[in-house]
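I am attaching a structure below and will ask some questions about it afterwards.
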Amino acid sequence: MQVIDQGIGKIFTDPDADKAREFFRKKNRKLESKLMSVKEAVAKYVHDGDYLVLGGFGANRIPAAVAHEILRQGRKNMGFAGHTSTHDFQILCAGEVFNRCDAAYIVGLEARGLSPNARRYMESGKVEVSEWTNYSLSVRFKAAAAGVSYYPSRNIMGTDTFKYSGGKIVECPFTGTKYFANPALYPDVSAIHVHEADIYGNCRVRGITVSDFDVARASKHLIITCERLVTEEEIRRDPSFTVIPYWLVDAVCPVPYGSYPGNMYGEYFSDEEHLREWMKVEENPEAFKAFLDKNIYSSKDHFEYIEKNGGMHKMLKLREKEFLFLKARD
Amino acid sequence: MADYNTMELMICSAARELEDGSSVGVGTGAPCAAAMLAQKAHSPSLVIFFEAGGAAPLIPEMPISVGDSRTTYKAVMASGMCEVMETACRGMLDYTFLGGAQIDMYGNLNSTRIGPDHQKPKVRFPGSGGANDFASFCWRMMVMTPQDSKRFTEKCQYITTPGWLTGGDSRAKSGLPLGAGPYKIITNMAVMDFEEESKRMRLIAVNPGYSEKDVQNNCGFELLKAKKIVENKPPTKHELTILREEIDPYRYVIGR
Amino acid sequence: MQVIDQGIGKIFTDPDADKAREFFRKKNRKLESKLMSVKEAVAKYVHDGDYLVLGGFGANRIPAAVAHEILRQGRKNMGFAGHTSTHDFQILCAGEVFNRCDAAYIVGLEARGLSPNARRYMESGKVEVSEWTNYSLSVRFKAAAAGVSYYPSRNIMGTDTFKYSGGKIVECPFTGTKYFANPALYPDVSAIHVHEADIYGNCRVRGITVSDFDVARASKHLIITCERLVTEEEIRRDPSFTVIPYWLVDAVCPVPYGSYPGNMYGEYFSDEEHLREWMKVEENPEAFKAFLDKNIYSSKDHFEYIEKNGGMHKMLKLREKEFLFLKARD
Amino acid sequence: MADYNTMELMICSAARELEDGSSVGVGTGAPCAAAMLAQKAHSPSLVIFFEAGGAAPLIPEMPISVGDSRTTYKAVMASGMCEVMETACRGMLDYTFLGGAQIDMYGNLNSTRIGPDHQKPKVRFPGSGGANDFASFCWRMMVMTPQDSKRFTEKCQYITTPGWLTGGDSRAKSGLPLGAGPYKIITNMAVMDFEEESKRMRLIAVNPGYSEKDVQNNCGFELLKAKKIVENKPPTKHELTILREEIDPYRYVIGR
């Protein structure tokens, strides 16, 4: 195919669809329980050097428990998709977990400002970066979910975002229109937090799905954390609601309040107080180290972390915020 | 008459651009406030989209994130990023509001980095997020930004998000969808549009209390000037009441 | 772009994404009632020569009332997407409504056999046919829904289905893999039957969605028929369930039992007796003409058609079948 | 011992190919019966997909349509055509069962037309439906069909659905996913596979009551023969009981 132009960014994962097929051919399709702890799931499916994706949207429906556990288990040299990655990005930067990054939205926490530590890490030269946009990363997942090696899109062209991407410019064979070719992104492992799952991994999500539908399908291994376990019967009662079917899933970890301190649609709002504290303490590397020790490294799991930050009282307050009984930024 | 601040004026100016029955892709902060104001003041049918998937919500209070629960409150649909961006790419989104650390005379935006070394930048910003996408797809891209000559720069150190690129027909040639591009730039001092042929930024309205010279002095490149430069209308009482009492009672956006 | 090979089939619709954008730019986004009768909707949005798509899957969740009304209003020279089109295809062939067809699955009614009249029509030479597969037609809708002019897929290559298609073979700019380029299909008008809609056109669908998510987005005009009107408040109560948002929709026509004689998930099963009668009577052109006169041309609407075929007693029986109290083929 | 008909034998032969924990894309009729039998007899974890969107249902009775409510009864997911076909394209579907009016020595199938004029065919059949897609994507494509020399033809008048195309490495060169292709052909008389190099159809098992010669006489091209041709095992009592009492009590498929 005639390539009109191409970016200089690296492609950190292999877009080859036949190689992905060889992997998926061997993926387990048996209906068997995948219940395990987050600790077990990370030990089993997240390896040094793997390319990682975290679902949700930065501080909304994020697999926070998995991100903390990755730090506790000391994973290094990973690849990471910065696909509106905000608080999750902040966590991974704290552990210097990755050394290559597909950046669409990183280092910021939206209206909350920029993370000093994430900026330090990204300005250190320790991380190799290719640039994309949120939609282009979505399309890269969508192409992988469709089992192909690329999909075309109409964004990005003409900018430095293109120049530092790993994409190429091609022409439509029907209209001659130029397109940005997005290479498929098949992550080695992803973690997604959902509202409900059964022990086999059939999942339901409420509210926005962001790119998780495609991320789940594109990923070679998939760790699910869920607010609530439900029965298989409940899943089969109405199959219209299933977003992620069990054959995509490798681990199911029940983690109530698993998106904390992030927002979980219909469940609890984000803990803005804690997120502000996190941003603030990052300004002082020593204090930040102590903060991480307390909240992540010396906590044995997500529940201990929550306990240290207000426990069930805090959770009830965040639930009141979610339902607008309290203002979001209070 | 002068009982408003420039942020309030900017939000009101922006809101007035959003006519009833149009659609807009917004982020958090001032753009969201402008869309909310438009909806409550004069465009009840304005369709508001958030890139994370929220579509046509009845926003109860300012969101903190474009993916938080406020963005799908009583929404018509909670979807995903592809759904929103592809709706825009099909030509269904009329407007978007963006910002950036730098903007040039063609409306190109930098929100990625300062410093020449991409792998070791002097300052790293978030990058595109959905900005490049909205700017590529939405018919009319607008910017709300404070005006100073560092921000309004001759040449962005990095073009994150496309404006009219290098002007003229360069954007049409790039492959980006035809007919879409930067429309208005709304600052604390003025409103600019883009001259039709050259696609260079052009002053069209000055805010009360500022002169044309103030605007040019706070711009790092030469601004074209419209034949007739008007004075921008101040916020009405009605607009201010809605903005202060319903939209941003805690003055997160308008107070700062 | 280098084209390696291309089919000889015609592309009946313009895949140009910029032209589609110009249309969608002007499409109404106002939140206003689109309630109207099927008769009004067809008069207003279905024109001679238009390219038509019917949602659902042949005899499952089909907009039967719209198909009948198209015959009553005598539409001709249309284009049509035969995307597992079974009983709906049979209806349109009875009216000789279209003269060009993108064929993926046509003339058959799956396990029920082949439609004698649809076969006669398709063997008459009156219809220009391009060949595709079900998935390729889905991808053509998916590309249009994404606002692009083509998407690549890995099927069809090496066959006569490719040869008689309007697609082309290109290479992936990353891997060199060959792909079938599917030209985007932007229908002039589509009709989709859904479970629930509000007066603005916000729709919910239960059970399989087939390709309707993409068809709704790809279509320039969209007619919705629904089993039940619901309030806007009910739609906004949980936006997770909305499949088609109102800005895609031009007409909302409440038609309870609107998929009859087709199946409607969770509502009623298909009327196999009536479908068998239809197949049988097609063998005799004279009898078929009388049958059509009775059921379509002399019926003023879908309710009269249902009344003539058992009315509410029949509907109750089909509901019992749907819930397995009666066997499907009884 | 002979208390079964050939359709029952074909369904049982087909069912035995579907090992536990594998996945299969099926249509209505005999393939669906085979998948249901496999699931009830020996492969409880068999994942059944229907092209219209039904995924992993607990099928209560034979569907009439691959999109009817039976195909999503107590299913794990009710999805759509892209979801199912893209699951197959990602390499997650092990098997599919197809059929056609004609089949050639490379397993290519015709379900589109008879007669040379495409725009005015002598006989028009439905076309591909999802057959071409499943055959392109699923690792192992199988065919259940009656054996006669008209159907088993030297050259299909039209190739709707890819087998091994013109044999050898022609399929790999075509662009279709690597490693997938026709696997077994199950008829009323025999079971065939495909010789590894040439990809030509090869006789590997003959059904009780038929000879190798019967099979060749009812085939319009020369069949290769495996070194050892076995006699196909008849249905077991267990299989027959499930098939007759649970799956097809009205004998829609097995009785005809």
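For clarity, chains are labelled A, B, C and D in written order, and residue numbers in each chain start from 1.
One rule holds for everything that comes next: a contact is a pair of C-beta atoms (placed from the backbone, for glycine too) under 8 Å apart; a residue touches a chain by one contact, two chains touch by 3 or more.
The model shown is predicted, which means the values in this text are computed figures rather than measured ones.
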More contacts between chains, A-B or A-D: A-B
Chain separated most widely from subunit A, comparing mean CA positions: D
Chain centre separation (subunit B, subunit D; CA means) in Å: 57
Centre-of-Cα separation between subunit D and subunit A, whole angstrom: 40
Centroid spacing, where centroids are CA-atom means, of subunit A and subunit C in whole angstrom: 37
Chain centre separation in whole Å, for subunit B relative to subunit A (CA means): 28
Sites on subunit C at which at least two other chains make contact: 17-18, 146-148, 153-154, 177, 179, 206-207, 239-240
In subunit B, residues with contacts to at least two other chains: 54, 72, 78, 82, 89, 137, 177
Contact graph of the chains (line, ring, star, complete, other): other
Chain-to-chain touches, reported pairwise for every pair that qualifies: A-B, A-C, A-D, B-C, C-D
Complex contacts: residues of subunit C adjacent to subunit D: 56-60, 82, 84, 86, 103-108, 110-112, 114, 119, 122-125, 127-129, 131-136, 138-139, 142, 153-161, 164, 169, 177-180, 206-214, 263, 265-266, 269-270, 272, 322, 324, 327-329
Complex interface listing, subunit B residues touching subunit C: 20-23, 44-45, 47, 54-58, 72, 74-78, 82, 86-92, 94, 137, 139, 177-179
Subunit D - residues contacting subunit C, complex: 27-29, 51-54, 60-73, 78-82, 85, 89, 108, 112, 117-133, 136-137, 158-162, 165, 170-171, 174-177, 250, 252
Of subunit C, residues touching subunit A in the complex: 1-3, 6, 11, 15-18, 146-154, 168, 170-177, 179, 181, 183, 205-207, 238-240
Subunit C residues within the subunit B interface of the complex: 17-18, 20-25, 27-32, 144-148, 202, 217, 235-237, 239-240, 242, 245-247
